[in-house]
């Protein structure tokens, strides 16, 4: 069972928490903690050996922890997700394959696309695919996404190369539950056509960034980033191709971290306890 | 001997150039070429086995190459450089050590600093150190740099963590001859305090960029870039420390490429023929 | 059209080859060459702009090149492959997905497995799956592989985590046409259970190696290698998991290089002209 | 103050230790722990906010920890080291520079060399250099090393490209106190001429390994490893050059970890708590 605590830092927190666990008969299998001294915040992720008596543990922890502590005990081990896509297959296919072989750490509930391009691959894996219209106004099209996903129980929305900007209204419905893969090494090349921007700037490395979606475009808390070399011999097209490999890898890594409940969010940043 | 050609692309350039070399009795040891199809530009770097008869080769090449071709034959193999510094030692010390053991590919003529911090290390390696005043106005201080370096024969000015912005007037005197190391993965975090910016943005990788200096701050052609992981556990200070290792490595790599005449510049980009 | 030449090195080869191309009306789009001075061997890969008159070009090149030159003109652009698997899905699924979206650079003719585990994923992608018996002797089982693949036209056999050792007799039938992915950074940890070996040795990085199969186990010419960090916190199981990501990436990269005719083999090594 | 504990794993160790610290008035600033489930071993590194009352803390910890626990409280923060070299400068110069600018985390007491090549650079940094004779037998030469270092107070011997094999007798005198940099990605290419071995095997990556020296040549516990790309275009000489950059970086990283008391050794492996 996973326990996850974020609170104001204080003297003796580890002692207090571990005593509380011992009282409840929980043995610590692994423990990662982090203190942000600037913000005076304490973060801890614990893996313990039993998953019963969680209510009395919660009550006990609430007593000993500072006011306002965020305590998460035993989050759902196998997450449920909805995936949004446009036309590019690489991230979606990677998710579908891991889902099919049960190594994703989550179950794909359905895929929503604004083109039919990826419908067939979903059907091959028996995953429901919902096509949304994009001919009308953006609000109407977002509304149809909301209607579809409201029919599902899910923990996270994964934007696997969904090439539309979501409205503040939509984002506000799912705070820190929407994960995006952006095809640049943010904050470099936010917005449209990052590979073209990278090509024109003549960078020697290109990258990808997985982040939570907030109302500031490409400005949400970063979960994972990676890069790949990009010399002068790469055209924009070549960069797009090379970039896809990094995008797939970075999104896979970020999802793994999120699904294993290793990611805390605060101040538009993440703490990743591995 | 190195030969270096940049010109409009045309059919048959490799054939024409290699025929011209054969006529002159030059045998090709190695050859790297690149064509930028968007700009219709051709770049070639050749290593040949003799370094005589360069004038007749130049005449011959000029005849067969398109008008406006840039031809560089037998550039000075061991470059001469002047290094500008402020207080941080890491890049300078790396340059001084390689210079001392004759593995830099260049000879350090002198070091110019706007603080005395690095005077002693220069003296230990018998390299002249010139202190420039920074109390007066920037123009006066730049003028004193010009006066010092005018006393030296040099190919490149290396800004090894020189923390001042050079004026267009100064930069214009040495076009594509000033090399800077910037402590971020450009174009992310241009300007001041890139590590603080990186810390505040919560990035998961930090980097460094070696580039030619132009009049646009941190916007010149990029020669080399590299990154290092930067998780949540790093404070700004830790990032500065980790960053220094990358800065040293990236500047060393860029200098090697430049000193070996492997870097072409065009359209605010570089072609690096390795 | 691709042209690919390997021969004894001589003065004037580039000039002679480019003249021959010019005579035939072929314009060079890109050119990569390499000289191994120790072995006195010359390698060149050219991309030219027309794919007719290949026979007269071949005749012309034979005349000007040293005796024994290996000349390959216009190899089949879209390769055909047969994939051999056991139970692990990651490399196979990556190949099937790229094949399905036509980004593999090859067409998968069929998959041969010695377990039924991966039959279903093949069927989902409409790729024939052949199950071979492994209960009898190894020779019989290999013979059944031969019988199956003899029914297909193919350029390469890809061992995508095929966990059996092939006999010299089998390997001899397809020289430099069998590509394997080995789950270690060769030559470290050849043979069985490389991740267990890596765990026991306490290495800080683990890797994967794609190579041509020869009669020496895990000793064939290496095409591509990559690594991933592996700290003390990884169990053998964790290493296996982390390793799968690298294996998939390395095999994908090696196949791309091979399918684009960028890999020369000599002296149990490869020259990769990118 | 650093506290460092290695013992048999038991239920409630973190609680017991943190309680003991709270009793003594020590507040935890940072904590990293690791459990090796296979060996049933527990490792913890703590940074606490005061460095007095260490004796009563030791007594208290001994009471609550399993028999045989290894407890290290407040190890010397600034280590003292002796460096052994042969002719290559890169690792030594890096150490001398960091030592000079007080960023090494240790103080270089002296350098011992079996050639005069590096004497001058030591003198430039005012570090005593001792030349040992290597003309006689190996035992005599080792004996002279022992005599020199016996004159110094030191925590670690650093072999910064010391190209001689030390006898079991010598190694036995300084258990887990001798750190070596080996110029390959161990266990690949142990022994002599690793770059030549790498060249001949045709690997696509080369590396370096920092490890504790034991009586098995190049078989001691690994502290850090890193790699760099090595394509077909590199000669053995080029590999040696490229390798030096990695060797310098890997040794610097390993020394940092060791000097900050982050490295535990058990079963010929290390646990590195960062």
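Chains here go by letter, A, B, C and D, matching the order in which they are written, and residues are numbered from 1 within each.
Operating definition for what follows: contacts are C-beta pairs under 8 Å (C-beta built on N, C-alpha and C of every residue); 3 or more make two chains touch, one makes a residue touch a chain.
Predicted model, so just to flag it, every value in this text is computed and none were measured.
Novice: Identify the chains adjacent to both chain B and chain D in the sense defined at the top.
Specialist: Touches both chain B and chain D: A, C.
Novice: Do chain B and chain C face each other with the same patch, meaning over half of the contact numbers show up on both, or with different patches?
Specialist: The interface of chain B with chain C is built from mostly shared positions.
Novice: I'd like the Å distance between the centres of chain A and chain B, where a centre is the mean of that chain's Cα atoms.
Specialist: 40
Novice: Mind checking the centre-to-centre distance between chain A and chain D? Centres are C-alpha means, answer in whole Å.
Specialist: 38
Novice: Mark out which residues of chain B touch at least two other chains, giving numbers and ranges.
Specialist: none
Novice: Can you list the residues on chain D that touch chain A in the complex?
Specialist: Those residues of chain D that touch chain A are 11-15, 18-19, 21-22, 27-31, 33, 35.
Novice: Mind listing the chain D positions that touch chain C in their complex?
Specialist: 34, 36-38, 185-189, 201-205, 207, 221-227, 231-233, 235, 267-272
Novice: Note which residues of chain A are touching chain C in the complex, please.
Specialist: 89, 93-94, 97, 100-101, 121, 124-125, 245, 249, 252
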